[in-house]
Amino acid sequence: MSEEEHVLELLIGPQHPASGHMRLVAKVDGDVVVSLRPDIGYVHRTVEKLAETKNYIQIIPLIERPPLADTANHNLGYVLALERLLGIEAPPRAQWLRTLLAEMTRIHSHFYGLGIHGIMLGSSTAFMWAFWDREIMIELAQRLTGARLTYSYMIPGGVRRDLPPGFEDEMDKALRYLERRIPDYHKIFFDNPVTRARLEGVGVLRREDAIRLGIVGPNLRASGVPYDVRKVDPYCAYPELDFNVVTREEGDSLARMMVRVGEIRESINMIRQILKKMPDGPILEERYLKMIPPKWKEWMAQHRRIKLPAALISLRPPKGEAVARVEAARGEAVYYIVSDGSPKPYRFRVVSPSIRNVVLFEHLIRNCRVADIPAIYGSLDYFPPEADR
Amino acid sequence: MMGLLEWILDLLLSPWLFVPLIYPGLISAFAVLLFIIWFERKLAAKVQLRYGPLYVLKRLGGAIQLVADLLRYLFAEPIVPDQADRLAFIFGPILLFASSYIAAIAIPISYDFYAFRSEISLLVVLGLNTLAPAFNLVIGWGSNNKFGLIGGLREGFLITADEIPMFVSALAMAVLYGTMDLVRMVELQSEWLWGIALNPLAAVTFFVLMLLSTSRFPFEIVEAESEIVMGPFTEYSGILYGLTMGASYVKLYVLSLLFAILFLGGWEPLPPLEFPGSWLILPGAVLFLKALVIMCLSVFMRAVYPRYRIDQALRLAWHYLFPASILSVFLSLLVLSGWSI
Amino acid sequence: MTDRRWSSPVFRLKGHLDAILTGAKYLITPRATVRYPEEVIELPEGYRGFIEYKKDICISCGLCATVCPANAMKMYVERAAEPGEEAPAEEVKPKRYPGINYTRCIFCGFCVDVCPTGALEHVETHDVAYEDFNSMIYPPGEFAAGPPKPEFDTPPRRLRPTMDERRGIAYEPAD
Amino acid sequence: MVCGISGSMWLGDLERTARKAARWLVERTPIRSLRDWGIAFSLWPVHFTTACCGAEFAAASAPRFDAERFGFLPFVAPRQCNLMLIEGTLTKKMADAAIWVYEQMPEPKFVIAMGACAIDGGIFWNSYNIVRPKDILPVEVFIPGCPPRPEAVARAVIKLQKRIRRGEAIGLKV
Amino acid sequence: MASKSESQVQGKAEAAPPGEIETLLGEVLEGLSPEISSARGAVSVKVPPDRLKEAAERLKAAGFDHVKAVTGIDRPDSGEIELVYHVSSYLDPRLSKWIVALRTTLPRDNPETPSLYDVWPSVKYHEMEQREMLGIHFSGHPDPRSLLLPESYEGVPPLRKDFKVKVEGINA
């Protein structure tokens, strides 16, 4: 028989319980997937082109939409690139606040990934629990920033709000709750023999392949490459934080999941350190702070937030270009801005972690079983809007 | 007039109509269906720290959620895809549902109330039960959908993997009791011990296989939504879908009744009662409660487990459950010889 | 690095038991749900919900419309009196006021933060759904009339979330 | 998966008569209000995530907000669902799929547009690759926000329930 | 060169003495007429288009094992499209600190360049994206499909400057 005669082409998605916002074209021989081709672009919202029509500050909300669960890290990446372009730096307290929100976002983004992985394996409890524990961090982030997910918190030169009163105590209780919960997750999901059977040895990404294909984030670290931008090229408050880069050697789906769990633990530790070491001081760079009308000073101190100075609306960075990279929850995000001196960027490039990981679909989901498609997909924590931008 | 009413009542209460139509047949099967699906959702919701269906009837915790769902199915547009095999598509679910519940007719509900009593009534129940998965195959093929086809094929693999060990573990009990007559089995359990104490291995094996054959978690493989949408039922809408969804629960109900009779002493500890009327209600209720507990335990697994891959389920069935069922036969012999010494 | 213990059936059996027992444990754990239309979570101060507009202190500077990333805030020209009518000259002179278009608004709060007089402010309301597309567009007059309000059949209980070590988020009555 | 849609399982002239009779019967008040009650408490949105609002949609089904209380159960295949929630931006590529999925759903069926992007594009209003859902689908309820809070999703469901029970939303193709 | 002052502004690059990476790149790319300069956050290396692949091979051999981004920049004023490969290393901690922007310019009316897929397989999806967004033809690229845009898309590639999107003023 020719190949066409015994291979069944399955179109998984875009309407499919486990496809997300993409289509997977799987060629299936019996129960074995011969090859799989990801068909992405279903959420391509043209961020790079739209950025060319927007002022620099208006791009902040724009780049937050694609990586929705992981907004703060991407916001930070963009703002760092912009600050490099402008030649300014945020004051220390703002840097620590940024790091705080980035780690909080990492926790809830990882829970998001774990929850989606759970439902893809059929464990609705893992999904529901993860989405519940996410709410803890979301609730706290909401007190800090005023929004559930789309914080738009970091602006060039600083952050928009200061810690609300009593935040440290509340955070401490929340972190202790999360630490209590993780053993239960282990019992019902991570160490459930069924989960183990589904994930162990499934979708193994070897170390050299991970490097060759340019994989990022927990997926890379699960294959034994200790590459983490927070260590390699530290930004904000990370040089002063004590944390480990979580790695695993196996490179299978289970390892990828467990790296995320390990990173949640690390982030919990980091948040404790951040709240302990947070310096006092202004949260916006002085030159912008001076532009705010004096009549707002008292209001700002009382409400612990800042007014946007009008100068920020139409920032005009000098001609040139800047690159910044951050370790977002799903991996390294690269922001590249080319400025021609006008208030709008000349070329704006976002390289999100998901677009760099999309190659894993065709690489990993091959010669595995149909049921392994969601198991591997879930373990990648791939978020199509982030990839398509 | 009264005569007519009495005649109808008599007819209804006669075992040959009562058993297939009312209990444990159609009507109670529907009642169980309404209850158990709601209960499954509530139970999973509780483990997941939430409420589940609530506002449809708030005082009873949303207990009639399935009524609303059924009404919606009933009034939804029935769609038959152009390329489906119309006959298979329409009659598949009906036959699937019917064959899932038909085995209930061979189940006795008391020492002296049954549609028929036979020396081999256990075989009748098991045999009729094996019919249902075949219609899953028909449905999967008939709806002419790739996911349906894969789901049907999975069912095909699972039939052999679950039905054979299930037969064997049930027959282990027949070996133990020395009969295949379900009424006699209950009688013997009242003299000895409950089957679950006599042969726990067969009980556990049978229970796991029950989960497997009714596609409860962790073996919800035939309609594994994250892999193959709804498997054979992907193309079904409206009331036909309602039937396909209900079928596996009805099968679970029948198997739970069988489990209660084989292992939990049936309507024990009730002795044959003398006063009129009681022969119907009390033993039936006891049996029903036991079956209900088994069903609740089965649906609780949804809150605990992800699902196995098909090959893992097959391996589990052939590597562990099948040998376990064979072992349980020997265990039966051992117990029997121990008993007679 | 693979955990060798998992190859032992006994260890796996223990895993099954652990999972089932953990599930059972959560049968008696209190629920986390806020029953929304009856109970409402009180939002923290400064939550970025719908926007309240105080037209009397607006100075028509247009910064809000300039900063709006989604072009949802627009300046509408308004005259107190039509030209030709008998009116003081400054009332005939067109003045521009912001109106908001919730079909686009992304609730980033930039307009509120940039407003030099504090004429724009967030309210906590966030849970409104519309049946009509055009009713989501608020020209200055309607914008100034106040933010949209959700209707409740019965007045809801307001709950204030606080963190709790055992339950994650505990709620206490806010009133 | 090419599946055509056939309106009915009946054949020939019988079909028309039966349809007429069925419609007449369904339109009678007690049956009709029973039907509307059933539909209102059994709104099953199809798993069709169009963009990032899916994250908040998932949060709406999650324990803290638990939309399942309203009988709102996200379900797997379009054939079994009667509600389509456009969760955020609809790109051109996705719009084809959206129409396809909507066509596959049995009547009565409803559409809710969630998020600014699904109403008028939101921050992506001038993107060259988006479609406004109200142009291609009969949207019953709009939820503003970017993304809307889970409470707002619940609010939209309540609103749709009320509309159905008042007979304002019939969910049929005209 | 601006590298020293920039790195001080960032306050991040103290770990390596400025100039080290430029020297290294100069050695690696000797003979390919590279123009090396430090921009903010990256070290820029410009090579002629016909030397791109060779430069890539040498960088790969020097330990730059993956590509972070491929970016095309349309410059209609000079009639060119600038192509930038942001390259770095996972394994060599000395190189990981740096991002090298390997750049070249292509003519705008017929932008064609050899695909670097053979050198760095990690460019695959980036090059596909730049192809459909800017119309750059990467010869030797293994996958001819469009990536993000619908298959039926026709017209000016969207990220070219002559592709205009609608904008609105602040007035209603």
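Things worth noting here:
All chains are identified by letter, namely A, B, C, D and E, in their written order; residue positions are counted from 1 within each chain.
The criterion applied here is as follows: a contact is a pair of C-beta atoms (placed from the backbone, for glycine too) under 8 Å apart; a residue touches a chain by one contact, two chains touch by 3 or more.
None of the values given here were measured: they were computed from a predicted structure.
Note on connectivity: the fewest chain-to-chain touch steps from chain C to chain D number 1.
Steps from chain D to chain E, taking the shortest chain of touch contacts, total 1.
With centres computed as the average of Cα coordinates, no chain lies farther from chain E than B.
A count of contacting C-beta pairs for C-E and for B-C identifies B-C as the more extensively joined pair. If each chain is reduced to the centroid of its CA atoms, chain A and chain D end up 31 Å from each other.
A separation of 46 Å divides the Cα centre of chain A from that of chain B. The mean-CA centres of chain A and chain C are about 23 angstrom from one another, to the nearest whole unit.
Counting only residues that touch two or more partner chains, chain A has 16-17, 41, 44, 46, 49-50, 53, 61-62, 125, 128-129, 132, 135, 150, 188, 192. Taken residue by residue, chain E touches two or more other chains at 149-150, 158, 163, 165, 167-168, whereas all remaining positions touch fewer. Residue numbers of chain C whose C-beta contacts span two or more other chains: 19, 22-23, 26, 31-33, 35, 66, 68-71, 106-107, 169.
Every pair of chains meeting the contact definition is listed here: A-B, A-C, A-D, A-E, B-C, B-D, C-D, C-E, D-E.
By the touch criterion stated above, chain A contacts chain E in their complex at residues 40-41, 44, 46, 48-50, 53, 81, 84-85, 87-89, 211-214, 220, 225, 227, 232-235, 320-325, 332, 334, 336, 338, 346-347, 349, 351, 355-356, 358-359, 388-389. Chain C meets chain B in the complex at residues 9, 19-20, 22-23, 26-27, 29-33, 35.
In the complex of the two chains, the chain D residues touching chain E come out as 92-93, 126-129.
On chain B, the positions that touch chain D within their shared complex are 41, 45, 48-56, 62, 65, 67-72, 74-84, 86, 90, 144-147, 225, 229-230, 234-238, 241.
Listing the residues of chain C that touch chain A in their complex gives 1-2, 6, 12, 15-16, 18-19, 21-23, 25-26, 32, 43-48, 63, 66-70, 106-110, 113-114, 116, 118, 122, 161-169.
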